[in-house]
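You will see two complexes here that share chain A, one where it goes with chain B and one where it goes with chain C.
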Partner chain A sequence: MKDCDATRMSLTRRAALGTIGVGGLALSGRLAQAQGAKPQEIKVGIATYLSGPASVFGVPGRQTAEMLFDEINAAGGIAGIKVRPIFVDEGPGVDHVVGEYRRLVQNEGVHLVFAAISSADCLACAPLADELKRPTLLWDCGTQRIFEDNRYSYAFRTQANATPEILAALLYLLKVKPDFKSIAVINQDYAWGRDSWDIFRTALNTLKPGVKVAAELFPRFGATDFSTEVTRVLALRPDVVLSTSWGGDLDALIRQSSDRKLFERATFVMPLAESSLQRVGKALPAGHIVGARGDHWFLHPSPADPERLKRFTESYRSRFNAYPIYPCFHMAQAVSAMKAGIEKAVAAKGGGWPTDAELAAAFKGLEFPSPTASVRIREDGQGLENQLIGTTLHSDRYPFPVLTDMVVFPAESVTTPVGQKSADWLKTLSPEMVAKLPQALAFR
Partner chain B sequence: MSRRAETLLALAGAALVVGLAYAVPWLRFVLTIALAKGLAVLGILLLLRAGQVSFGHALYLALAAYAVAFGTAVVPEALLLVPAAGLLAGLVGLVIGLFVVRYREIFFGMLNLALSMVFYSVLEKFYAITHGADGIRLGPVTFLGLPLAGETAEWTVLGLALVLVLGFGALVRVALASPWGEALAGIKTRETRLDFMGVSPRRVLLIAYVASAVMAGCGGALIALTTRHVTPALAYWTTSGELVFIAILGGAGSVLGPFLGAAAYELTRVYAAALVANAWQAVLGIVLLCVIVFAPGGLWGLIARRRRAA
Partner chain C sequence: MSWFAENGLLVGLALLDGLSYAAAVFMVAVGLNLVFGVMRVLNVAHGSLYAIGGYAAASLGLFVASLGAPPWAGLPVLLAAAVLVGALLGPLIERLLLRRMQDQEPVLQLLVTFALFMILEDLQKLAFGVQPVVFDAPLKWLGTVDVPFGADAIPFTAYQLYVLPGVALATLAILAVVLRYTLVGRMVVAVTVDREAARAMGIDAAKVTLLTFTAGAALAALGGALAAPTVSLVPGVGASTIVLSFAVVATAGLGQIEGAAVAALLIGLGRSFAVYVAPEFEVVVPYAIMVTVLLFRPQGLFGVAETRRI
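And now, the complex of A and B:
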């Protein structure tokens, strides 16, 4: 049946292109492969930001994918088959990405899709994965709603979600600065900024009730001027300033806060600032709390396989002239999950090529290595990923701040259990969990 | 061009859409979106006839799309949701129209832009209800009581879009040839003359504005049913700009122009994105520049010119 479809598609697509008058733009495509037949190459559709503000994450993600796909192919491919990435841009928005997802599956015939950076794109693509029955790895998006509100058989997340990422930063703050009395928040005014503050505030009210919220500031997404916010926070003098901003917004906030000595008055907690360190350089002073949406740090204090992390960092650095940031690690995790998943499915079939359903089933409960440790995909599709939070330190060896007093939170301790909603689970936390935190490890 | 030739072209176009959608499954989605946007542009065409450009019709697109998204929780029936969303867009269009038809040209365009951005901010700020930039997902939808899912859903929504497009297209074609249509063109050439003839230009423009809001609303409802996930980006000014872009690309000479433009726009975008994932914007921009320089009447103008020559 599939083969019939294939011939029909190949003929008519050419005809269709001619009719539209864009015959010259003919796309390279693979005929829909019969289920279970060994493919010539493994095609992977990768949705990432190639334009717009989030390309600060999307482009490093793409670079990492290119690098790792090259490495896999140099080593002979996965199960002896070469891999090929096909990138699509998330920049134009959800309806474009949904259309591209369909194109990837129905025209390019990709075997897997990596989607996406934007939470909205992930929310739209996960149901599509089930509908079109194509294994899909959610490689970078943050929202915890995906697997808490729904169950999918073809969508899996190869990283953590917003809850552990924000909770870890709060626990770290409670450990290193237990007696703070007031907090101000400066977040971008969009879903992530609101969601992350919601998580932080819910957990804070449970673990340390009575902290005064001095100000909740939500400057426009993409703002370049934070003088109002900085002035306000300078006047209110909170002990702690939280900002889950990223990209150009965070860079501008850090530079302007630094110019006006706000860093001397308050401790900043910035769960995404690892991705900005190389850009802001030493404008960010020592002694502030920085996270990386996972245990992503090229100087991880206790990697499972130090050689692997070193190799990853060095090859990225030699090829792109920068240290890898968290989206690079997220992409590495998705690639590693893909490799482990396909190998598992092929082994389960005794060397034969799995059907889409068999490949999807292989991801459930899969444990795969990451550059720093390993990640396990739970039965609900959510990945269990450790979290690393540290404090900035200026070292002569690097032109930007590095992390010290790093705490690596085991994934289970900070992730919402299966079947529970983050908003409810965060209210059941007990203050004792701060005392049980792992030892902080210093920069060496 | 004669009415008969246009009708034949429209039917041929519809047949081509169905043929393409059958032959190339992934184009079904793209073509449905193109038809939905074309419908919104058809409304913009009415305003263009009066010499007015709205940079804010994404407001009605997004309003209807969100109405459908929230509506699925109450009534899952697509045949009720689409008219309801169109009607809501029309009502809001009437209220806003009462203000904006007092203005012309840049003031008309900018006021529309401002109002659509207000709605965009509302969608972003009422985070607890709208989930902000993450958007909301449509619940299960039925068509005549039957659940819409998978390939049937794609065909049904495409069919619905074709019916709406042909219906509204015919309506607009008839309306433009009527005295009201001539009065609309009169606003562009010399508005005072209408006053002297005892025709209220404001009323003429208001009718066009409400009709355009209804059409944008139907387009938005179709987009929601197709993507099944709505985000505030639908109300952002770039979406309004996209609609005006399509109107220029297609040409304002005929009711077929908007659909020609929308199909060309969406297909150029997907093929450009497939070929050069990181420079598709440049391709789109160059295409528009070429159209402006070499075919000021839009794609429709090219066809009409060739027919005249022949």
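And now, the complex of A and C:
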């Protein structure tokens, strides 16, 4: 009896261990999906800035996601399945985001992840996507290094990267102000500020060698006072001032430059300033070059589907009392890519739910609509997106500057080809490409 | 000599920039230093009070402007907002939180004020949102001043040239007079020097502490309010300000008011000259100054080494 009890006890222990094992796996969330069981809902982890200075982009991004997820669910979901976003904050830093990514996949069992605004976060999350085999859409980060330095099977970018965003602004400058002789840069002192200047300078040295760099100023990230930098540049009198800054930093720089008449002495090139236009109002004078980090603006001059852009703009404005800025468009692109990717994978499976690998494979070569045009994801995972650059103009119709003389650069002409690195490719550019720019479109 | 002959005009510009920057930094650091002197608490939440002061000034200023008030009205609004924030939040934080932590370990006090900082950051976002806020009516009303620069002229805002340094000087003078020549000021000094002895002599140390913390909170809020016309207020603005203020306070010596002015000047001018001479080092200069001072004088430039009490 004792033996019998011992055997039973032993079996019980084994069974218990087995139960704990299975239970633990169940608790640890959905495993990499091998069988492709149709889920009750599509859970999407979204990393965005909900705190800190970058929440000026992160919160509009989250708002757009909420709006578009609601719209998708109201229309019956994707392939008949409702979608649910789970937001995580990028504010505390890369380590936090990496931990949250694992939690989203292993505990929450998300089917996709949208990550992230910060380039550092994207650089950390792309390898995680492959490690955990979870399709991941890089929805806003700019660093070109992700797909130039590595290959990933589960990570895809649904917009352009820093190289086309900065190169397009330079080409535009060369077109509209070909005779400039000197330039000063005022960028934020962190990876983006430094990397974007490297891209700009490399391309500038190739396309117009001999331009004098009057000053390279990198004030602290999050700085609020640029008076010393403004004085320095006023004294140096460069023809052009480049700033790839954003958020409160850019707003403060624009206001302080405007207060001290720096805009009257130099042409500013600000590839990210579309996101500041509504806030700085007419402190930003007419005649300066502004980019939108892609082919989007709520007054886009040639949208592929004007009704779609109008619907998107009005939905956002009625819900959040502001016109959408570029992170809103980037989020819309990620949501659109997600929908198109899932629908493509489900169709390829004859209506069945795809495995994670099948879903990831659907994103390669995927072409999906954006609010203004369409974006294609290349074989290396990089999105091919056109670039819109324009010149500020004051119009009575809006209390802030609008853009005119807009040029939409075709993605292929400004994006580093597959397999090449931007630093090398930029050195091969030809000055003739300036003469081949598309026709500028005026504000209407 | 030849460098100065060639760059004398630039030195002049750097001095003007450094002075206004130092004034802005001093306004925040002096409150932090005052509070530390009396309470021996390094208040991390001081940065939040700066941010809330800025947001309150901008919101109140925009509201007053929307009522059709003239642009000059923005200046008294900045002051009113600072007083309001100090008078509301100062006593609340001191009575409900810091007084209870008075006898705790310094590290615990630091952690509590850090927690408060984080809470206030979130409340700030709930109240004011995440989009940058600015109120520049007073700055625009005062206009610009052209500073001669050879055959050229460099425009500075009058607000930057006159208002910021003027308010900082006035604050320093008022604090110096109050602390030296008034009964309340002497009580503050007495509590700063030796809390127990001050209480033994009949000074209500709790009341002095409450008063000092409220004044410190108002000074932080005034720093934020004065910054509101020139900067864009965004989430996180308090964090960057408090870090720089710590550098000023550590350089000056904890509890030193005039020392804070000198340290702010050193850091302001150091940073300004860095932008002109070696912009790569602009970010590190304030902290390099702090480290250099602390290496040779761990108690800060004007701090007094204390005898350890057993």
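Keep this in mind: the second predicted complex is superposed on the first by the 409 of 444 C-alpha atoms of A that agree within 3 Å, B and C clash if a C-alpha of one lies under 4 Å from a C-alpha of the other, contacts with A are read in each partner's own complex, and residues count from 1 in each chain.
Please note the rule applied: contacts are C-beta pairs under 8 Å (C-beta built on N, C-alpha and C of every residue); 3 or more make two chains touch, one makes a residue touch a chain.
Model, not experiment: these values are computed from the prediction.
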Q: Answer with first, second, both or neither: which of chain B and chain C does A:P219 touch in the superposed model?
A: second
(Q) Quick one: is A:S374 in contact with chain B, with chain C, with both, or with neither? Answer first, second, both or neither. (A) neither
Q: Examine A:S315 and indicate which partner it touches, taking first as chain B and second as chain C; both and neither are also allowed.
A: neither
Q) Regarding the shared-chain residue A:D189, is it in contact with chain B (first), chain C (second), both, or neither? A) both
Q.
Taking the superposition on A as described, I'd like to know which of chain B and chain C A:G52 touches: first, second, both or neither.
A. second
(Q) I'd like to know which partner A:G248 touches here: chain B for first, chain C for second, both or neither. (A) second
Q: Name the contact category of A:Q256: first (chain B only), second (chain C only), both, or neither.
A: second
Q) Which partner does A:L234 reach: the first (chain B), the second (chain C), both, or neither? A) second
Q: With the two complexes superposed on chain A, say which partner A:G93 touches: chain B (first), chain C (second), both, or neither.
A: first
Q: Touching chain B in one complex and chain C in the other: list those residues of chain A.
A: 51, 189
Q. Can you name the residues of chain A that touch chain C in the complex?
A. 51-53, 55-56, 58-59, 189, 215-220, 222-225, 227-229, 231-232, 234-235, 237, 247-249, 251-252, 255-256, 259-261, 279, 283, 322
Q. Given the complex with chain B, which residues does chain A contribute to the contact?
A. 8-9, 12-13, 15-16, 19-20, 22, 25, 27, 50-51, 87-89, 92-96, 98-100, 102-103, 105-107, 119-120, 123-124, 127, 131, 143, 145, 189-192, 194-195, 221
**Q.** List of chain C residues in touch with chain A within their complex
**A.** 9-10, 13-14, 16-18, 20-21, 24, 121-122, 125, 130-132, 134, 136, 139-140, 144, 149, 152, 154-157, 160, 227, 230-237, 239-241, 271-272, 275-276, 279-280, 282-283
Q | chain A contact footprint on chain B (complex, rising order) | A | 16, 20, 23-27, 29-30, 33, 124-125, 127, 131-135, 137, 149-150, 223, 226-231, 233, 267-271, 273-275, 277-278, 280-281
